[in-house]
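Going by the order they are written in, the chains are A, B, C, D, E, F and G; count residues from 1 in each one.
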Amino acid sequence: MIAQMDIGQALGLYNYWVVIFLMMTGFYMVIARGNLIKTIIGLNIFQTSVVLLYVTMGKVKGGTAPIMPLDVGHGHGHGHDSHGHEEAPHHAADAADHTMLQHPLSGRVGEAEEGPASSVVDASGHFTGISEPSVQLTGFEDAAHSHADTAHQAAEAIYSNPLPSVLMLTAIVVGVATTALALALTVRIREEYGTIEEDEILEMDRTA
Amino acid sequence: MTPENLILIAMALPLVAAIWVALFGKIPNVREAGSIVVSIATFAVCCMLATHVFADARPSVTLSEMLPGFSISFTVEPLGMLFALIASGLWILTTIYAIGYMRGHHETNQTRFFVCFAVAIFAALAAAFAGNLFTLFVAYEIMTVSTYPLVTHHGDEKARAGGRVYLGILLSTSIAFFMLAIVWTWHLAGTLDFKPGGILELAYRGGKIETLGLAILLGLFAYGIGKAALMPFHRWLPAAMVAPTPVSALLHAVAVVKVGVFSVLKIVVYIFGYDLIRETGVSEWLCYVAGASILIGSLVAMTKDNLKARLAYSTVSQLAYITLGAAIATSGSIIGSGMHIAMHAVGKITLFFCAGAIYVAAHKSNISDMRGLGRAMPFTFGAFLLACISIIGLPPGGGAWSKWFLAVGTADRGMWFLLATLMISSLLNIAYLVPVPILAFMTPKGAERQTFKEAPLMCVVPLCITAVGSVLLFFFADQIYDVLLPITEVTKEVKS
Amino acid sequence: MEYGFTLFGSAGYGFMQYGYIACSLAILVTMTLALIRAMLGPTVFDRVLALNMFGTKTVLLICVVSFLTGRQDFIDVALLYSLMNFIGMVALLRFSQLGYFGESENERTGATS
Amino acid sequence: MIDFVSQLPILMIVLPLVTAPICVLLGGRQLTYILALIVAWCVFAISLACLIQVNQSGPIHYEIGNWKPPYGIEYVVDALSGFVLMFVSFLGAIVLTYGKASIDKEIPHSKHYLFYATYLLCMTGLMGMCITGDLFNVFVFLEISSLSSYALISLGKSRRAPLAALQYLILGTIGATFLLIGIGLLYQMTGTLNMADIAGRLDVENGGRTLLVAFAFMTIGLFIKMAVFPLHTWLPNAYTYAPSVVTAFIAATATKISVYAFIRLIYGIFTPDFAFNTQPLDSALLAMSLIGIFIASAAAIYQSDVKRLLAYSSIGQIGYMLLGIGLVSVGGLAGGIVHMFNHALIKGGLFMAIGCFALRIGSVKLDDLRGAGKTMPWTSLAFTIGGLGLIGVPLTAGFISKWMLLTSSFEAGRPQVAAMMLVSSLLAVVYVWKVVETLYFADPSDAAAKAKEAPMSMLVPLYVVIAATVVFGVWTDWSAGLAQQAAEFLFTGAKQ
Amino acid sequence: MILIVIPILALLALTAVAVARIRDLWAAVMFMGIFSFLGASWMLILDAPDVAFTEAAVGAGISTFLMLGTLALTGKTEKPTKFSIVPLIVVGITGAALVYGTFDMPAYGDPNAPIQTYPNPSFVEKSEHDMHGLPNVVTAVLASYRGYDTLGETAVIFTAGIAVLLILRKNEVGEKESV
Amino acid sequence: MISFPIIRVITKIIIPYILLFALYVQFHGDFGPGGGFQAGVIFASAFILYGLVFGLPAIKRVAPVKVVEKLIALGLLIYAGTGVATMLIPKSGDGGTQLQCKFLDYEALNHSIEWLGPLSGQHLGIFLVELGVGITVTAVMTMVFYAFAGREPVKG
Amino acid sequence: MTLALEIISWVFLISGSFFAIVGGIGIVRMPEFYSRLHGGGVTDTLGAGLILVGLCFQISNGFILAKLLMILFFLMVSSPSSCHALARSALSQGVNPVLEINTYESNRDSNS
């Protein structure tokens, strides 16, 4: 099986393997069964590793977080600062820098900088965007402006998938809820038995 | 009243009795008067129903259909009618006897006793009228469960142990084998209805099942019906001897064991079709197993000193006759089996009544202690003697006819070895049954002073009636034969 | 394999990127050192110290990384880290002082939850 | 005008979800109870309405937030989920109705409003798992139900209750995390979380290995939640030490929902073809479930605590449901689904009866229950009927599902499975009978002799459930019919 | 980027092993905090700032407080337990299964992976259209597209809250202790 | 923490900023990383910090147990209530028809305010929902802290 | 932005990195707790501070600058105070400074 995989593929998966290693460490702590607190820590690590697994899936090479930059109008009009290099030698670096947000071959960087503000936002400042529903926004003019800009950017920039992030937000919350409950139970167990070592408790139960 | 309604009424009456008894548990006289009245009414209804059935009507009622083709339904045919008549008729006597016995014995939990008793009779009637295998199975299980409290009536450790064996064997065989066989039948035939000529023939002809499979299926049925007490699953019968004697009478004469052999008979006739069985020869092994049960049962019975235990093994042996008749599967042997259900029921119940009467009157249960009791209790032992004759199969006992038909059946099939078995077994019957009245009448009293007299009237009257009945059956065997003939005839019609 | 293993990502980096990477690496080295101390112990306070230091370094790492990736608005996360680090420290100290989270003797006023 | 009919699916979930915080806001004991009770019955009514609607006009789809499925979350009520929702909400409501007296005794009064809120949340979670068409949503609701059941279990009076809850928590969280891993892998291979969408986008050629692992992880995760034999270790303790009401509710519903999720996993997400043809899952399932049935049932026999005994029996019964799935036929699946329903009723009823004993006797140890049949006849009768259902005696609900499983195992060409199922029923006979015998035929213990019959408020709901087990054992058009419909729907849906 | 990621991964693995091996529970909790810090850093690099944010708040924050609070009430060191091979085997099998499962996965960061191509238009593109200029797509998905999941999540937290109350709150005076 | 005056002072300085930051995270969650849950945790952290440094009674004066308990429920109610409200408010469909919305369909919240102009239902919905999450999380975390801190260690 | 700012920022960054590593080495190699505290202090304040200040020079957005300054403020406030509290707490818990250790060599065994 492994023989079928070329090195490139292997390297494309190394993150997953690290995550799997972390998961299994946590899982081992859970099932090795000794101290209750240790078990709960193990569960925590297990869950955190699953979060990492999901997040790893969502990443796109050369993509960026699915949050459209707000601070347009500063710097060169993109979410990241391009550090104001004027010198010719730095242009390559600058362009390379852009590729992190934008498609490498798009070449529409310039358009994105100047185009939208005039074409998409109408005179009254109301956003009438691209096939926008009838709702008009005034309470969010800033956002609308930025949106006009980001609307175009979105067409060019690669964003990582937001869905795994969303799922994992939920999963983390679930994890902390579970942890809180488990710890509360541990406190009760300690009050009842005077120990949090599982084998001692079981021994006490057997003799009781 | 239409026959359909009569079926329902006949089955409802014992339940009414059960409820009546439960309601008036605190007032013994009302309770028991109700029992007797209802039992007589049940018998009357059965007789009315019988007039229809024996006039070739086949009333049928479906209560509820659970899955398509899978229902609780009742169809009355002669064999079942005969069985219902026996059960309901003997119920009257058993009830009367039980009242006498229980009062004479100051038993506790009498209400529970009579409730379960009525439910058991209900189950027996339901089994008798069952229109399909499933209904039969349900009735069979109701009977098992309702008789369990009767067996463990005394509630002590011994009774509970006996009850456990009783319930354990009956339930486990019925669930593990009987149920499996039912499912298999359903799978093969797509129906569970009792049909004259059987329902499995089509599956066999269609190649859905091999001869070996058929033999296994028959085995599952034969052993699944644990109440037929085919060896080696007969242990529950002696174990159930811990029960009070009326219960033993019910168990070993009327309801439980007869439901077992009745089911075997019915399955052979209406599920397999006895022509199919004979043709394929799948039942040959069963013949020999039954033969062995006959002999071994008789032999074991000889070794028992406890009267009830001896009778129990005698029952094992006698039940095997019926199974044998079913396994031989000729029209004669089938009729013989059907007759033997009746003959043995009447005979054996007499014997148990006697045993109970002796126990009530003299507190004796071992045969060796009964020396000279015959003089003190002439009616009881006289009845015992008559019943013995019937069980052994000597004229003028009813058993003579049934054994005759069975012997003819074996001869028809050329099973000479089995014929010899039957004869030897009859000798053994003499050897273990006749010594009891001989001991009671012929030997002088023991050294100890005995001041016994007959058991209470409520005990003695029923046993005299049944003893007389067992003799009368010898003279009216013709009627039974006529009644049972349609079973075999219908089959022939289907064949031709 | 195109998504695989190119040393500097999908395209070359400029000087800035090298700088940030160097800076992050330095921070990572420090983190490693702190981790070593946390593992060695020997007293609980050594560990707390290492943890505190580790937390601070994470804050720095996040700041630098957010510059590296060009998403500076993410330093919110760093802000949160610094807060959590401090609160965690206080919790640890409180724990080591009193042995439990509850009220200390002189703070007790009899209120119960 | 608001059109409530179209909002029914969401109301079913949101109603208890909103009521839980309202309970906390209101506080108080009686008020919150009444509120929770009303809501629980409302939910039942809604689920019934949904079920009827589904039967009349096909599956209901409800897009939450009006976002189309690959983007938003969708609710799907089809024949199967409608059926499961119906009985879960019914049991939730009836157990709550029954539980007032028991809760009053076992839960500290100041925590009652929290208890009711948690109970409603548990119900929400279980039903949410059932109704949703989105895979991740299943996980979220699984956690809601799990967390609330951990809390509920830890309220038991025994000092082992928190430990039992923690053990359940640890295993349950492992299970949920495995499920999450599986969901993640599946999501990665398809790019969507909607179940129907995933089913349409499975690319077995290019992602077989990942899909296989995803399937394995989700299966194991669900197995832990449903307490399949080697992964069952949390269940006996959890059921034993939880408060009676909680045990009744959780035992009746929680594991069933996991079985439901497993059925969905096989038939709604992966195809039966993937599960059973490319992998020998069917044989594995059959072997696992049979081993589980035998070992768990055997373990049940040796328990001295009735709650624990029933807990082990639950582990065994889960085996039957898996068996139905493993038979890979419409009949088998229908049998499994019906068994979910029937077992929910039976186990609910049994644990409710146990709750009555716990209330009056204060213990559910076999020793303390001796002779309770005399002092608490109605409760004991209910227990006995429920026990018969557990065995699968005809005319109880348990029989129907076993019958369906038996016939379909014959149809699947696996008569040996049918035979082993029947033999395993014998073990059920043993452990049920052990309790029944103790209740009726043993010398009363001190506690049982002093006990009086449980209050009407508990007996009436108890008898509603027990009567339901009998009713659905006789009139099965409804339960078996719906299950049959659901199974056919799943199979045809899978073929499309 | 890989230059930063690899040390982080190495540190993560190291921390995880340290947590598993260390007997001092207090130290284990601290390492867990470190694990969270590191994990969150990596999440940030993986373009999931929201998750990193939450993980920081939860893993390094609340969870640690709770653990410490529990330790304060229970005890600080773990008793040495005898080593058993069974868990190791189970873990080995599970891990091997997972690794086996990765073989058919799309490579890390593959823009053609189903997850990146399927819902077309993607959430990012769709939310521009639907959300009237809400820049944070994660929030948009969280609260609107999958708002129901988040409702469930809130319910989970709510459940945990009242569950902890149920478990730990002392009974009122006059009631018997629920022991 | 009587014996750590510096910590006490620093805490007093820092807590307002923490709260400010929490509010920022809460209401800026639409624009940058963060949202209700994170804000709730930060809020609760501030309480916990206060409780750690100044003792349980002090923090219970700030956030009484009863209030926190009700807030737990309130947050979830706000969230679910938003969903129910969307169900009850009809949205205007094509041609002025009144359509009933589904659960959590924020389009129903589209409305116009006199002095502000039209307001996007999606924004309002997300805002309310995040608020609900924030309240619940704050309250739960604080409550959990109370619950743990309220117990006393068992000797042994 | 001018080149000067760039240079200044990088000077800060590089020196910050340097101090961070130095502090890190210190925390590992120092012989006992109180001296390690010193190493920790160096990284937490000097290293962190310098790096953050260096980053400040790279920023053009005022809002982000504010946040960065906020972080700086937090770190500057919290790190020393927690260091102080740590030391104090350690002292009160009976961790005594080992005063007689003067050379690295002599502490090799005490450290193990």
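Here, a residue touches a chain if its C-beta (ideal position, glycine included) is under 8 Å from a C-beta of that chain, and two chains touch if they have at least 3 such contacts.
Note that the structure is a prediction, hence the values are computed from the model and not measured.
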Quick note, more Cb pairs in contact for C-G or A-D? It is C-G
Could you say which chain's mean Cα position falls nearest to the mean Cα position of the entire protein shown?
D
Separation of the C-alpha centres, chain F versus chain G, in whole Å, is 35
Where the centres are mean C-alpha positions, what is the separation of chain B from chain C, in Å?
87
Hey, how far is the Cα centre of chain A from the one of chain C, in Å?
18
Per the C-alpha means, the centres of chain D and chain E lie apart by a whole-Å value of 29
Set of chain G residues in contact with two or more other chains:
58-59, 61, 64, 70, 74, 78, 82, 85, 89, 92
Among chain D residues, those touching two or more other chains are 17, 20-21, 24, 64-65, 136, 140, 143, 147, 150-151, 154, 159, 162, 181, 187-188
Which chain B residues sit where two or more other chains touch them?
none
Chain D partner contacts - residues on chain A that touch it in the complex:
23, 27, 30-31, 36, 39-40, 43, 46-47, 50, 53-54, 57, 163-164, 167, 170-171, 174, 177-178, 181-182, 185-186, 188-189, 192-193, 201, 205
For chain D, which residues count as touching chain B in their complex?
388, 391-395, 400, 403-404, 406-407, 410-411, 415, 418-419, 422-423, 425-426, 429-430, 433, 437, 440-443, 473-477, 480
In the complex of these two chains, what residues of chain G are touching chain F?
70, 74, 77-78, 81-82, 84-85, 88-89, 92
Going by the contact rule set out above, which residues of chain C touch chain A in the complex?
1, 3-5, 9-17, 69-74
Mind listing the chain A positions that touch chain C in their complex?
6-9, 11-12, 61-62, 64-65, 67, 69-71, 78-81, 83, 90, 92-94, 96-97, 99-101, 104
